[in-house]
Amino acid sequence: MQELDIAGLGSVRVTRKSDNVVVLEKDLATEQMLLAMGPQHPSTHGVLKLECLTDGEVITEAEPYLGYLHRCFEKYCENIDYPAIVPYTDRMDYLSGMNSEFAYAIAVEKLLDVEIPRRVEFIRVIVAELNRIASHLVAIGTYGIDLGAFTPFLFCFRDREHILSLLEWASGARMLYNYIWIGGLSQDIPADFNKRVKEFVDYFKPQVVELYKLLTENEIFVKRTKGIGIMPADVAINYGWSGPMLRGSGVKWDIRRNDPYSVYPELDFIVPVPDGRFSDVGDCLSRHLVRALEIDESLKIIEQCIDKMPGSQGFNPKAAIPKRIRPKAGEVYGRAENPRGELGFYIQSDGKSTKPLRCKARSSCFVNLSAMKDLSKGQLLPDLVAIIGSIDIVLGEVDR
Amino acid sequence: MNLTALSHFSIPFLMGNSLNAWSEALVGFAPMGLPLGLVILAAIPLVFIAVYALTYGVYGERKISAFMQDRLGPMEVGKWGILQTLADILKLLQKEDIVTSSADKFLFVIGPGVLFVGSFLAYAVLPFSSAFIGANLNVGLFFAIGIVSIEVVGILAAGWGSNNKWSLYGSVRSVAQIVSYEIPAAIALLCGAMMAGTLDMQKINILQSGSWGFAHFFLFQSPIAWLPFLIYFIASLAEVNRAPFDIPEAESELVAGYFTEYSGMKFAFIFLAEYASMFMVSAIISIVFLGGWNSPLPNIGYFSLNDMTNGPVWGVFWIITKGFFFIFVQMWLRWTLPRLRVDQLMYLCWKVLTPFAFVSFVLTAIWEIYVR
Amino acid sequence: MVDGTVLSRSVQKSSAAYAVIHERFGDVVSSFDGNETMPFFEVLDTSLWQEIALFMRDDAKLQFNYMACLSGVDYPADDKLGIVCNLESLGILGYRIAVKVNCSRNGGAIPTVSCVWHTANWHEREAYDMFGITFTGHPDLRRILCPEDWVGFPLRKDYKVQETYHGIRVPY
């Protein structure tokens, strides 16, 4: 086993002491305490290890250690057919499975030259936006719990239950759907689905207002999140941030608008970007605000889709799916707007086989989390919890 | 025990007399020269605490939080889950008592004990009615404020003895919080003592009795009495580590703060001590500002409600009701508000509550000297 | 590029961006592949990759401030490893382009661009972890997803999974 002696902040040495023992050595200043916010911790949102060097309550360095949930997604992709990869994309970001499948379908369809029926496009957008709302509810609820507000979490989950029942009705599963297939859908939506979704939207609009008043406008919550973890816009872009993180730093960038796919160009919605009146631009409160305001926009999108959707006379969701999915030779980088940012798939195909040569998932959380080390310097320990909560990571996507 | 000369109570007086006679008899009950009667007498508040903590404390918290969160809470064990807490206590009793191998054994074991003792000793000076008080000290209020500080030693012992960095964080934060918030709490209570002119808890209650019911309570006797009342309420939340000041046991940051490593009966001790101190501060605030065991109902013309609802046994009912009301408010606050960060907590204490406490002290003094 | 076909607007923009780079670096970069799905060019002289990256980020006509993705790729037929970078001028000029850099399979090294785009820091660690590409000048090159003492580079086409890891049998 080689010794990698690397210079830089926090030099690390990896040595193998014996057959079963590997030692990872880090230099430690004597007054600082090494605190492992270990893989098991209530507020790291999954199995993430943050090794913090603390000086009292102030964190001098917090380094994330990943890989606890690595399930070899990319290696699997090279050994199975294109349609069989769809369930694996669900399991990456398990809170927004529909959006992940959507991104993958868009990437492969670019290489396929297939014409997607209009009704399929609208259904895809409806389930993707429903899943976006569900994902944001989890993000907001768990952010409240991290800061000590236990009740908004339960309100969020009560409403998320309605969404999960709707998605279960449409696809057969509550969380890991396998619904959006390459070239179409696995099955059509049930007959009354649109009516029920409209009822849900009408029920949910006042609940959003109540949630806003309970959590977002709460004085203590604002004090805990305002001015914490500020990320300037140009640094955020350089770190590769996207989605609500980038919009929270004041950059008006949404892939649904700037690199549009599916029927989003026909839909009317705004991209919320905080302007510094209620929060400081780039802080945790801005990022939280973006997610809270995006829920309203998603509701608007769903209503428009229900109105514009063509009827189901003679509709077969699998009509456009070729018998064997054999994309032409070439490469593609296709991306979509995940609730957490930009989910991109770099797919390399050799034109002859039904399995991809290389399928890399560019996950939003992985890139968002890489800024953690610099963002947490000099913060207090409770503020570290607030920052992690505002990044909204899902370890399934970070580790793939 | 104590005899109180409240001669204007009639029928309830008889009940009180029997209560007094009964407690006198117990004092004399000393088979084989052992002071068994006194022990039984001293144990009554402890029994009350245990029963209250089992029923209202834990069960009430679970049910109240459930209803606030749009769910049902415990429903399976007993009708509406009433026996849930009993089941939990039985479970905790038979759990393995783990002492981590690298823990400092003496401190680890002593911690919950000292915490428990500190919380329960204050019950000695709480007057449960005109006829029943554990120890009628003439510095009762001072004793009640002071004895709670023993908790700090227990918390430090528990946190350090666990040999766990997260527990250490929790206990250090808790000590800082409790020690700082004692100051505005004490000053606010001093305002109440100023209005009474004495530190004796029983006399403070007697001074708030009268035929107009709640109009005699100190809260309504002075135009700025609401200020020390509010200050003491907030400071007492910090004293018992309740949200929004529960940073020492911040569940989402420190798992369980200073009692992360405890299991079984030790954990139950700490838990019960927390609920006991919740009731204690509620009782203190209702004694000093809201009349303690006095009835709030006034005598309106023909309906002499005050006379009908006052008495030694009625007194127990009133003080417990008022205590439970404040506990309900504490639980309500816990499940609504996020928690304050450590430095915001300290800022609130030293830069907001303490100056206001001093201001209220001066204003109360002016009112007492020049107006009354 | 195929003559006679009308290129889409985005490919035209990428082509314009490529022209600026080609003007500056000449033969160091390969010719432009203007396919519809992912227009790209390849950097032929690996040692100049960092300089090209800095030029792409800072030049006023290009301003590629956003690196969307850096993927490691294995070319077993050519006995090479490589990376594919997807870059974008986010919010400024709207160009999109991909860059390929290759190196040899045994002991191949590519200069790091983590000093140009911070995104590359973790992406390059992942490429090292999965393929074994060494990035010279990287501040903290160690495995990110696999455990620190894992043997082998999993995403290579000829990877054979190890038999045991700390006494646990790996293949199942």
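Each chain gets a letter, A, B and C, in the order it is written, and its residues are counted from 1.
One rule holds in what follows: contacts are C-beta pairs under 8 Å (C-beta built on N, C-alpha and C of every residue); 3 or more make two chains touch, one makes a residue touch a chain.
Quick caveat, the model's predicted, so the values are computed rather than measured.
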item: Chain pair, A-C or A-B, that carries the greater number of C-beta contacts; value: A-C
item: Remotest chain, subunit A as reference, centres from CA atoms; value: B
item: Geometric centre distance via CA averages, subunit C-subunit B, whole Å; value: 65
item: Separation of mean Cα positions, subunit C and subunit A [Å, integer]; value: 24
item: Separation of mean Cα positions, subunit B and subunit A [Å, integer]; value: 46
item: Subunit A residues touching subunit C - in the complex, by the definition given at the top; value: 1, 4, 6-10, 12, 14, 16, 20, 22, 24, 66-67, 70, 72, 74-75, 78, 110-111, 234-235, 237-240, 251-253, 330-333, 335, 342, 344, 346, 348, 358, 360, 362, 366-367, 370-371, 399-400
item: Complex contact set, residues of subunit A against subunit B; value: 33, 35, 41-43, 57, 144-151, 154-155, 158, 214-215, 218, 220-221, 223-224, 380-383, 385
item: Interface residues, subunit B side, partner subunit A - complex; value: 65, 68-71, 165-166, 169, 243-244, 246-247, 250-253, 255, 335-344
item: Residue ranges of subunit C touching subunit A (in the complex, touch as defined); value: 35-38, 40, 65-69, 71-74, 84, 86, 90-91, 98, 117-119, 121-123, 130, 139-149, 154-155, 166-167
